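Structures are listed in the sections that come next.
In the two complexes below, chain A is the common chain; its partner is chain B in one and chain C in the other.
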Partner chain A sequence: MARKDFEMVNRCRRLPVCLEIFLDELRQKFYLVREDVDSFLAQYEVCSKSSVRYFTNVIVFQQSEDPTHISKLIFRLKEWYDAWLPSEELGATIRNAFILSFQTQLYSTLGPAFVKGFKDLIASTLPSSDPEAPEKPPDTAMWVIFETLGFLDRYESIIASAGYEHIEAYVLENCAGQWAEPMMENLRTWMSEKIVPWMLLMYGREATTTDDARVMLANVGSRFDFHMAKTLCDLRTREIFDIIVDYPDSNGALQDLKECLQRVDQRGALVKSLRKANRKRLLHPGADTRLILSQYVSTIKCLRIVDPPGVLLFKVADPIRRYLRERPDTIRCIVSNLVGDEDSGDSLVDESEPIVPLQQPDTEDYTDSNWEPEPIDAGPDFRTNKPSDVISTLVSIYDSKDLFVKELQVLLAQRLLAITDDNEVKVEKERRNIEILKIRFGEAALQVCEVMLKDMTDSKRIDGHVQSQKASIVHPTIISRQFWPMLESSEIVMPGQFQVLQEQYAKEFSTFKPDKRLRWLPHLGTVHLELQLEDRTVKADVPPLEAAFIELFSEKNIWSMDELIAAVGSVDRSAALKALLTWVHKGILREDEQGTFRLLEIAEEASPTREQPRLASTQQEIAPVTSLQQQQAEQMKVYWKFIEGMLTNLGQLPLDRIQTMLKFAPGYDQTIEQLAGFMEAARREGLVTVKDGIWKLTPK
Partner chain B sequence: MKVTVKHWHAVAQWRWDTGHDEDSGDGDDVCGICRVAYEGCCPACKIPGDDCPLIWGECSHVFHMHCLLKWISTTASKQQCPMDRRTWVTAERKVAKSSS
Partner chain C sequence: MEQLTSSLTPRTPSKSPVAGSSQQSSGSVAKRLGNELMTLMMSASPGISAFPKNDGNLFEWVGTIEGAPGTVYAGLTFRISISFPPNYPYVAPAIKFDTPCFHPNVDINSGGICLDILQDKWSAVYSVQTILLSLQSLLGEPNNASPLNTDAAAIWNNQEAFKTQLMRHYRPL
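Here is the complex of A and B:
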């Protein structure tokens, strides 16, 4: 019946007019829809505002707002749509005209508030990240309505971003701080189990077969996968410093990072983040050099995993290396690690790593048939450093290995002299160390150390012979002075029986080796003493200076400090005080008044000395060998003469002129920074003054 | 009080007895040929001491033995001491003196 009427209208060519009127009516009646929309949105907003207040302090990525109102709104809209939809008999043209008009009106009605709500609604359809939560059956009906109302096309980006946010939240929740295992695999499984079914509702809605669906999802799926990789990559980039700290327990995270970096171009961000973290957390005065070194070594290992060609490493390592170069004790740290100091903590070097000679930065091999161009993001000064061992890398912080050899020598000297009794095992250990280091540094460089070790065994042999001729309680280490680092000189003269012992031994030595003589270094070594006092016997292992002092007390019971110092030749006051305090601490001496010490033949119970702070330890802890810095300072004193002459002759000079002129001096190898430091020290002593960078002598 | 020394681990340097009294200063006397300290070793050696001994001349000059022998073996040397051009005569070591 309706169809008949309709055809009649059409025949009268009144149909377009009718349609116009119908659509006009639709527009005028649309305020009904608008009212509905407004009321639902208002309810939603009230609801969400109250819930926002609840949840602000809780990190909940699930819906903090209740999207049921939006859902109701959607169904309501559908009702309006159905109510006004022209019946199917009227033909497609009219229906299409209606749909277009309805959607246009609808979209103009729906503001940003709706968009937000809609996103929440979409998010609520996503599978919960909580594996315990019951699986919700997909609300297919709602998706059909979305389709009908044309939301899927219009709000595609919103739906996708809801998906992205869900992925981000999931990745953050499950992967943050989880570095032991690679997460990529798990994430992919989760994606295909949870996210793909959801994506099917949206993107695979027209698919009839699974193959169809796969084709449709291929494109959008890779977009989601990319997003997942990017999120994980961002997360790992933020965490990279701690990941390196945790290495090797963070191997999984590094594998992930490697995989992500191949998919996402975040290399620049990674370098930036790591450099920033290093600057903030590592390269500051509060960090121990040993720590910096071990973090640097871990960084090397980690970034090798992430990026085998080493471009990332090169960019990150540069500031660390520059910083380490400025630290005064870097070499010492590396060297003491090389020789395996017990107190140096974790070894930087992996025990399993094969010992190989140091690698010099070799020039490019033009005949290499496997040559590959440098990676695309390599900087201009990037050098393809082949995966070399850690020690080579550390040594290459400095331009030459000579510094290491020197420091090694100093360290070896300290350790050899510290060996108190003829402890063959310890010497053997040092020898083994040196043999290993020879492989690294080359035979020639460690020749000196070889001589030092030989001195140790020779001393033992000579001592054996001397003892067989005439037994002595002196067991000296006899050193070849040209081959040992500069030892602190000392003017001590050993008193009493010590001198006798020395002379006797030296005489025996000269009989054994007629061409040689001994010159004692009286301040080095240790003496094992037994003191027989009236009421007690005390045994002690002490440095020679302490021994000398107590020997003097066997002559008379009361000595003043100045007398004591005069009796042993010249000795530093603070060293003398330290030596005396050792005995005070042992309860053998007592400081009666400032600078006067008395021997306690009979022990004093609860003597006030007990309450004195532990000032001196029984063993001399300071290194007897002049350290490299001290040697440098020693050198600078020589150059001071030159500087003084210069300034006297030329009046006043800027720093760079002084440096240029000093370069003519033989053996001058200080940098301008070192010179500046020295001049600054001279200024503090009042020798020179500086004005506008011009130095001159302080007028006398 | 009586102090008894049970054991003394001392440290000493050895020096060649060159006949000169160099105890006065720390100045290192050097071999006139290679200009390396006597207690060092000649350029051909690596280990000092008995492996690279000194040689004493009648003329009171002292050299690393290896250095001097190398010099003497050249024809240009005419068997003379490089310092004073007198004929080189190796001195008998006055062991008695040095150990006295």
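Here is the complex of A and C:
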């Protein structure tokens, strides 16, 4: 019936006019739709505002706005659409004209408020991240309406961004701080279980078979997967410093990062982030050198997992290495770790790591059949970091291993001299250490250490012999001066019976070894004393200076500090006071007035000074061996004489000439940069002046 | 024989291969000079100093002598050049003043010095340091018996006139 009418109209060629009128009518009546839209949006906004007020203090990942009003609006729009839609019999042309016109009108009506609401609505259709929440059946009807109203095409980016945000929220909630297990697998499972069904509503709506759907989703799916990887990568990049701190408990996170970095190109960002974190949290004066070293070692291990070729490591390590080079105690730290100080906490070196010789940065091996070109983001000065052991890497912070060997000698000397009572076990332990280090540093480098160890055993043998000739209570450690690091010299002369004992021993020694002479280092060592006083006997193990003082008190009972110092040669006042206070604490001496000490032959009861002896006061706190740094300062003094000499005689010289002339100074090994620093220091002290790079002495 | 070897040996310890014995000897000379330099640098005698002219050549030195206080030379500084022979220390080094020095025993033009220990009284136990010290004391106590500069010897007793002549020739460094 209607069709007949329609054909009649068409035949009269009145159809275009009718269509025109119809569309016009639609435009004029559209205010009805607009009113509805406005009223729903108003309700939505009121609702969302109140809810915002409610939730300000509560952090919820789910949207706080209630999108039900938007949902109602959508259904209402669909009602309008259906009501006005021309019947199918009128043909596609007319329907399309209507759809176009309706959508145009609709879109011009829907403002930014709707976009926001629409996004909330979409977000509410996503699977809840709370696993407890009941699974909502997908609201297929609504998606059909979206399709009918053309929202899916028009608002695709909004739908996608709702999806992205959902993924981001999920990743952040589930992965932040969770480093033990790799998360990537779980996330992918979650994606395919929860997100893919949702995506099907949107992107797979025309699919009839699963294969169809798969093809349709392939493209957009990889976009979502990329976004997930990127979110995880960003998260791990932010967390990288703490991940390294937690290593090896954070292995999972590192696996994730490795996988993500292959998917997402964030290597630059990772390097930047880690360098920034290092600068802020690690490379500052507040951080202990040990800490920096152990974090560096962890960084090496972690970044090797993430990026086996080592480009990332190279970029990150550079500032750390430069910083460590400037720290004065870096070598000491590394070396004490090498010899396994018991008191230095956990070792940098993995016990299980095989002991291998130090690796030199070797030149390219052209016969390597597994050769690969350098990674694309490697810098020009990138050196292929063959997976070498940690110690080699640490030692390579410095240009030469000589510094380590020297420090090693100093450390060994300290440890050997600290051994008392012929503790053979400890000497053996040092020997074992040295043997291990020989493998690393090579036999030749450790020859001096070998001599030092030999001195220890030889001393014991010589002592045995001397004792057999004439028993003595002195048991010296006889060391070869040439091979030991500089020992702090001392002017102490042991008084009284000590001197007698020393002389007797020296006499026996020279009959045993006529070509050698003993030079006593009386300030090193320990003395076992038994003091017999009127009412008591006191046993004590004390350093020699303490023993010397108390020996003097056997001559007379009251000494002033100056007298005491004069009697033992020359000692530091503070050292003398410390030694005297040891006896005061033991209740043997008493300070009567400032600087005068009296021997307490009879113990004073309830004397306030009779405290428990402080442990620290009986031990020598100052290291007997001058540290490498002091030795260097000593060396620089020698070099200064040479610089002074050449400038006196040759007038003025540029820095590079000074550097070459300094090779007349024996053992000169400073770089020109070090020399420049030294000259600068001399200039600040007013010793030299510089003009146009030419140095000369300040005229007297 | 000693003379012959020495004339064949290059004056500087060159890197070119030379006969075994002379190379060894020049090596040991360089070693001795190195030691002397070290001693000289480390023992601070006031007013005397010396240093090799160039790196790589230990046989040519420049020295500086300050006049001892209390003498007419007080406050003046003289530069000298020291040239060690390859068979040092068996032969004395050649020394001359670079700064013009008005002195009875110093040639004012050539800078040549008349000092017994630099000629016939030379002994291998002397060193740069002893030479420099001798020169420093020679300034204050000239040997007027065998003058090189007769004018200077003639007016030595008139210290004021001597000082005037001295300052006329003296060039500060």
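General observations
Criterion: the second predicted complex is superposed on the first by the 627 of 700 C-alpha atoms of A that agree within 3 Å, B and C clash if a C-alpha of one lies under 4 Å from a C-alpha of the other, contacts with A are read in each partner's own complex, and residues count from 1 in each chain.
Criterion: a residue touches a chain if its C-beta (ideal position, glycine included) is under 8 Å from a C-beta of that chain, and two chains touch if they have at least 3 such contacts.
Every value quoted in this text rests on a predicted model; they were computed, and no experiment measured them.
Counting the residues of chain A that each partner touches, chain B and chain C differ, and the larger count belongs to B.
Once chain A of one complex is fitted onto chain A of the other, the partner contacts of A:A287 are absent, as it touches neither chain B nor chain C.
Once the two complexes are overlaid on the shared chain, A:L90 sits clear of chain B and of chain C alike. In the superposed model, A:T648 lies in contact with chain C only, and not with chain B. Of the two partner chains placed around the shared chain by superposition, chain C is the only one that A:M661 touches, whereas chain B remains out of contact.
With both structures placed on the common chain, the touch criterion links A:P514 to chain B but leaves chain C unconnected.
Counting contacts by the rule stated earlier, no residue of chain A appears in both its interface with chain B and its interface with chain C. Residue ranges on chain C touching chain A, taken from their complex, read 34, 37-38, 40-42, 44, 49-53, 55-56, 58, 61-64, 79, 173.
Taken together, the chain B residues at the contact with chain A in this complex read 1-17, 23, 26, 28, 37, 39-40, 46-50, 53-54, 93, 95, 98-99. Those residues of chain A that touch chain B in the shared complex are 417, 420-421, 447, 450-451, 454, 458, 473-483, 489, 496-498, 501-502, 505-507, 509-511, 513-522, 524-534, 539, 544, 547, 550-551, 553-554, 599, 601.
On the side of chain A, the complex with chain C involves touching residues 638, 641-642, 644-646, 648-651, 657, 660-661, 663-666.
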